[in-house]
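This report refers to the structure that appears directly beneath it.
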Amino acid sequence: DFFAALDETKPLFGVAEEELGECYSGGILHFSPTMDSILNIGRQDIATVRNPNSMRLLTTLLHGPPGSGKTALAARLAIDSEFPFIKLISPQDMVGFNEPQKIGQLDKVFRDADKSPLSVVVVDNIELLVDWVPIGPRFSNNVLSALRNLLTKTPPKGRRRLVLCTTSKRSVLEQLDLLQYFTGQIAVPNVNSRDELAAVLRQKRSFDDREIAGALEIIQDLTGSGDVGVGIKRVLTAIERAKEASNPVERFAEIIAEAMAERRLYEDVRPAAY
Amino acid sequence: DFFAALDETKPLFGVAEEELGECYSGGILHFSPTMDSILNIGRQDIATVRNPNSMRLLTTLLHGPPGSGKTALAARLAIDSEFPFIKLISPQDMVGFNEPQKIGQLDKVFRDADKSPLSVVVVDNIELLVDWVPIGPRFSNNVLSALRNLLTKTPPKGRRRLVLCTTSKRSVLEQLDLLQYFTGQIAVPNVNSRDELAAVLRQKRSFDDREIAGALEIIQDLTGSGDVGVGIKRVLTAIERAKEASNPVERFAEIIAEAMAERRLYEDVRPAAY
Amino acid sequence: DFFAALDETKPLFGVAEEELGECYSGGILHFSPTMDSILNIGRQDIATVRNPNSMRLLTTLLHGPPGSGKTALAARLAIDSEFPFIKLISPQDMVGFNEPQKIGQLDKVFRDADKSPLSVVVVDNIELLVDWVPIGPRFSNNVLSALRNLLTKTPPKGRRRLVLCTTSKRSVLEQLDLLQYFTGQIAVPNVNSRDELAAVLRQKRSFDDREIAGALEIIQDLTGSGDVGVGIKRVLTAIERAKEASNPVERFAEIIAEAMAERRLYEDVRPAAY
Amino acid sequence: DFFAALDETKPLFGVAEEELGECYSGGILHFSPTMDSILNIGRQDIATVRNPNSMRLLTTLLHGPPGSGKTALAARLAIDSEFPFIKLISPQDMVGFNEPQKIGQLDKVFRDADKSPLSVVVVDNIELLVDWVPIGPRFSNNVLSALRNLLTKTPPKGRRRLVLCTTSKRSVLEQLDLLQYFTGQIAVPNVNSRDELAAVLRQKRSFDDREIAGALEIIQDLTGSGDVGVGIKRVLTAIERAKEASNPVERFAEIIAEAMAERRLYEDVRPAAY
Amino acid sequence: DFFAALDETKPLFGVAEEELGECYSGGILHFSPTMDSILNIGRQDIATVRNPNSMRLLTTLLHGPPGSGKTALAARLAIDSEFPFIKLISPQDMVGFNEPQKIGQLDKVFRDADKSPLSVVVVDNIELLVDWVPIGPRFSNNVLSALRNLLTKTPPKGRRRLVLCTTSKRSVLEQLDLLQYFTGQIAVPNVNSRDELAAVLRQKRSFDDREIAGALEIIQDLTGSGDVGVGIKRVLTAIERAKEASNPVERFAEIIAEAMAERRLYEDVRPAAY
Amino acid sequence: DFFAALDETKPLFGVAEEELGECYSGGILHFSPTMDSILNIGRQDIATVRNPNSMRLLTTLLHGPPGSGKTALAARLAIDSEFPFIKLISPQDMVGFNEPQKIGQLDKVFRDADKSPLSVVVVDNIELLVDWVPIGPRFSNNVLSALRNLLTKTPPKGRRRLVLCTTSKRSVLEQLDLLQYFTGQIAVPNVNSRDELAAVLRQKRSFDDREIAGALEIIQDLTGSGDVGVGIKRVLTAIERAKEASNPVERFAEIIAEAMAERRLYEDVRPAAY
């Protein structure tokens, strides 16, 4: 099995790879078949870029609600490509950078990538990279322009590049007129159904089957809803926080219910349709 | 009793702690059972962060009306954690700082925290830190971006961090799209009922029971309302100001009534619902 | 009599005091009982700050229409406090200062105040200090932020401070979300009734009783109104300007009538209600 | 006769005065009785400032449509005052100045004035000084603030100052909230009636009586209106331009008619009412 | 004949004049009587400025649709004046200039002009000079202010100046409140009728009479309109482009028809009315 | 055949030409007769500029949806001109440039061009060059102004220039008021019909006729539409990506269908009408 094999991948070329590995240190849980098809499409893009008779550049956007696992999946694909150059660009590593410094950093990574015959560049959280704030709205026009030009700049002859971007605000990218510059888009979903939530809980072994059933029931009671719609990251956090309470099952259900209530803040969950 | 025991906590490591202690030098009055449950949830977050098998980062927001005691409670939780690194970040200590200086200061505290295996960082009055003004609205986009990135940046391996933030403008943080980056939220209420107000007055021993009854009655007369809805800080100030008047009971009632009239300015009191 | 005694207060510690004294060199006329109650409430705040068992910080706002005497009253209270540190901060003394210079100046005064066990800081014309212009509206966000932080910063242990601010644009401060940071507010009224205007004229001895009656009648004729609603400063100016005319009584009435017509420009006269 | 006498005033102290004299080198034509009453009110303000027992500061605004003679009248009053310090501040002399340079220049003139026991400062075309543009609208906030503070800053003891400002955009000053800082306002009118226009033409001796009648008739025909409403400056220009045409009377009428058509652009002609 | 005589004018003082001459190197075609009356009014303004008993400053605006010949006509008038100082200020010569550099350049030209007893300054394409963009709208406030002050600044004694400005966006200048500062305005029209278009074609001798009739008919067919309304510059370009096609008459008609379709973009054609 | 002959054109003067050649390294497929007429009109403009008796400057805009082949066609025309100076200006080569650097670069290319008797300058993706973002909207005013001036600046005597610009946002240029400065406009269409799509597939030889028919049918099924409307660039990419899938025909159809769904984002496809 291809994906099983991938689980054994080990660091090949130092820091960048280690950092990328950290992004899915919690592992990739297969709580729904969508996980496989996401990894499958990503693998095809890698193969297209590797093919010397094809385009020299593909740019793919992974989008989905907060904490749905976008960074983990992009990191996994990057490492699985086994391309000689892989690199993660993250806004969290640029605190205190001014615009020229950010753009310089972005530009440098793309120039470095162009020295390698095959490269994967992961640009994480584009909405944070451009300092997006919905009031106004405001954002860094200069970083956005730089990104737009870097995304569409064909690598020099003999160089081939895959760019993987992530965002939890696809509609923001639409407003910024950025979507048209991607050659492909992949939607990453929440833990959406009770069954998927149960699958996560079972795989994490924090609750036994009876407790899982109990938790699902309390969630149903608190929210009046049979759906879930919470990111995998938040589910994993809820498990850990609940452990410290005197009543972990109830506390877990409560935290999930709170997360579901806040969900209305994240309206960016629309799957790509045609 | 846990909280009684906490009352004896003494400074462990100098300045930061002393400063935090100053934040509740007026003490924590238990005028309603909500106080206990707030401290209880905070304690669980501390335990989760301390657990080496859990997430390396939790971020909790204390929100509530002006003067409701948010800073006092956050300071108390920070000191009670007994973590080796505790630090208060306050906009009042940054008068005259330009944006890069503020961001540098924020960044430094988080870097220092990352040198310690366990840390609590208190970020006080986020709305002031980002220089929020409702007209426009205006705010510091750069400080906001820095904060957003610092709040979500996982500490390095072997480091674990709790971030406690306070705000009297939760709706502002919602507009700034900042709420989604907190792993938990705690609402801190006003002195809301006549009984709670009486409890405060009794514990402060400034008026005898008859005077307290008289004050409540005058407030009812002046405002036509049986509720109170004034922050504990303002109640304590009213007691002191009234002492200088020739008619302290009437003056106290008058000041509370004025505060209630101004309350419409602070519409940020909604308890977290689900 | 308390206020009569105050009239003899003399400069104690140099420049700041002399400057403050200049602010009411025209004297404080007792044309209405409100004057006494304003001075009385101010005196209580001074006493609260002086009390070592009370809050270390009070901040009081004097607001009222242009020329109603806010600066004169604040200056008078500051001098009457006999606190060892008193200081007037006035935007008129900062022409040509850029934002950092203004903030530096503000910060310095508050730091100097913190060296004294007891201090009064008068911050005059806040709307001018923040460069408020109604078009836009525009204002200095940085000065506003600095002010907000300075107003709420508790003095260090053993230091106690009273801040007296003035503004003729209370509604502006409300829009700027600044009102909530004051522990108290005092409304300063215009010369509002015919009787109050007559009292001013009598005390200034520029017109005899018959002339006063004549002037009031002409004003009534010109404006069709029995009210006055003009600031004491403007009334005093009208008296002086009228002296140079061939027909002083008519000219005085005319100038007052013009002032009444312009009044619609100053809609900030609402007394504090509850 | 007072005003006749004034016609002989000669330069007393060099450049500033010469420059001011240039402003009415075309003379002051008495085409309507309003001219006398404007000069009369101005004279009273001068007398009030000169009186050592009165206010140390008066600020008067001359407002009226473009080319109505505001600068000429202010210059005339300044020179007539015979105060030892008189100075004209004009935006036309500050082309290419940045904001700090403009403010520095303004500040310097007021400081220089404060060295003299009696001073008149003329600030010409305030709307240009603050770089007003109706789109946006835009203007220099910093120059406006500086001006506001300079206008209201009382001169030091023993110094007395009259400030004369001009503007063709009174409504702009109203929007900028600047009107309230003037102690007096004077409206300067256009050449408004056919009789006033005829008076100007007769005094300039360019046309004989029959030609004047002819011109008035053509204007009536072209515009269908019996009013005029054109600034004295434009009328004088029309006379000169018409001289070069083959048919001066018709050409004069045509230019006036064009000016009347453009008038709708200048809606700032409202006389001060009460 | 006056205008015929002008055709022989030769360069008198070097570069500036040569550059101005370039502006009508295509010649001035007399395709309509309006051309004569435009040159006639311009000539009167020149005479007024030359007259030492008249105003020292006139400012005239030539406005009309794009390519209607404004620059050519202004250049022609400037050279015809035979004034010792003539100069063209063109935004195209200021690419890459920042605001202070542009203003410095403008200021310098006007200062140089003031060294000459008689000067003509042509300021071309004011809307480009102030960097006007309709979105926002945006423009350079500082350049606009400088221009406004330079346009209205009277030359020193003994110096006389004519300023000729051009714009294809008269309505923009109206919005910018700039129109009121001109002492005169001249409208420059398109090639508006079929007869005028035929006159141009005949004078250029590119088509014979039959071809001209054919072209007019095709235009009528393509557009359904008997009017033309295209700038002379564009008509001349159409003639040249058509020459390269296999079917010049049809191609000429097609290009004119395209130009007519785009015309709706240029709504600035309103003749000055009264 | 003219265009067949062009296919053999080889680099003449180094880098610029090589870079331009890269722009259509995928070749120019003749999938519709529009391709010929586009190249034909471009050729006429080249001939007009070459003619020494014609205008010294033509500026042509190629506009059309993203990936429709604008850059490829402009590059082809530039190389076919065989003018001694040809140059491509591309925003992708200016990442990290500030405004003055961009303008300096633009200015330099135009100055260099002016050293050559005949030049073609290609300005690619004007909307990116001016950093256009639809939110706000925002764009670089300074770059836009520079571009506007460079586009309209006549080359010096003896120099002749053709400027070819491309944009996928013609409506943006309309809003920016830039369209009026072009002497001609050419619309570049998508692969619009099923027949055109089939022609592309046949010429690329990736699918046999049966597969092509199958793909068209699936597209019809997925989208319910008989049209296509996808840029040639995207079609070529779809072919390459599909090759890596297990079911290339279905995958090709799927990718085209996705592209058609996204098309609503690109509303700039209106052909130039009259």
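Note that the chains are named A, B, C, D, E and F in the order they appear, and that numbering of residues resets to 1 at the start of each chain.
Just so we're on the same page, a contact is a pair of C-beta atoms (placed from the backbone, for glycine too) under 8 Å apart; a residue touches a chain by one contact, two chains touch by 3 or more.
All figures in this text were calculated on a predicted structure; none of them were measured in a lab.
Visitor: Based on the averaged CA atom positions, which chain is farthest from chain F?
Guide: The most distant chain relative to chain F turns out to be C.
Visitor: Can you compute the centre-to-centre distance for chain B and chain E, using the mean CA position of each chain? Integer Å is fine.
Guide: About 68 Å separates the centre of chain B from that of chain E.
Visitor: Starting from the mean Cα coordinates of chain A and chain C, work out the distance between those two points in Å.
Guide: Each chain's C-alpha centroid was found; their separation is 59 Å.
Visitor: Once you find the CA centre of chain C and the CA centre of chain D, what distance in Å lies between them?
Guide: Roughly 34 Å separates the two chain centres.
Visitor: Mind pulling the residue numbers of chain D that touch at least two other chains?
Guide: none
Visitor: Considering only which chains touch which, label the overall pattern as line, ring, star, complete or other.
Guide: Shape = ring; chains linked end to end, path closes on itself.
Visitor: Just walk me round the ring: chain A, then chain F, then whatever comes after, in order.
Guide: Once chain A is placed first and chain F next, the ring gives A, F, E, D, C, B.
Visitor: Write out the stretch or stretches of chain B touching chain C in their complex.
Guide: Within the complex, chain B contacts chain C at residues 22, 66, 91-92, 94-96, 98, 128, 131, 133-135, 138, 222-223, 234, 236-237, 240-241, 243-245, 255, 257-258, 260-262, 265-266.
Visitor: Give every residue of chain D touching chain C within the complex, in rising order.
Guide: Contact set of chain D toward chain C: 44-45, 47-48, 51, 53-55, 58, 100, 103-104, 106-107, 137, 139, 141-142, 144-146, 148-150, 152-154, 157, 174-177, 179-180, 183-185, 272-274.
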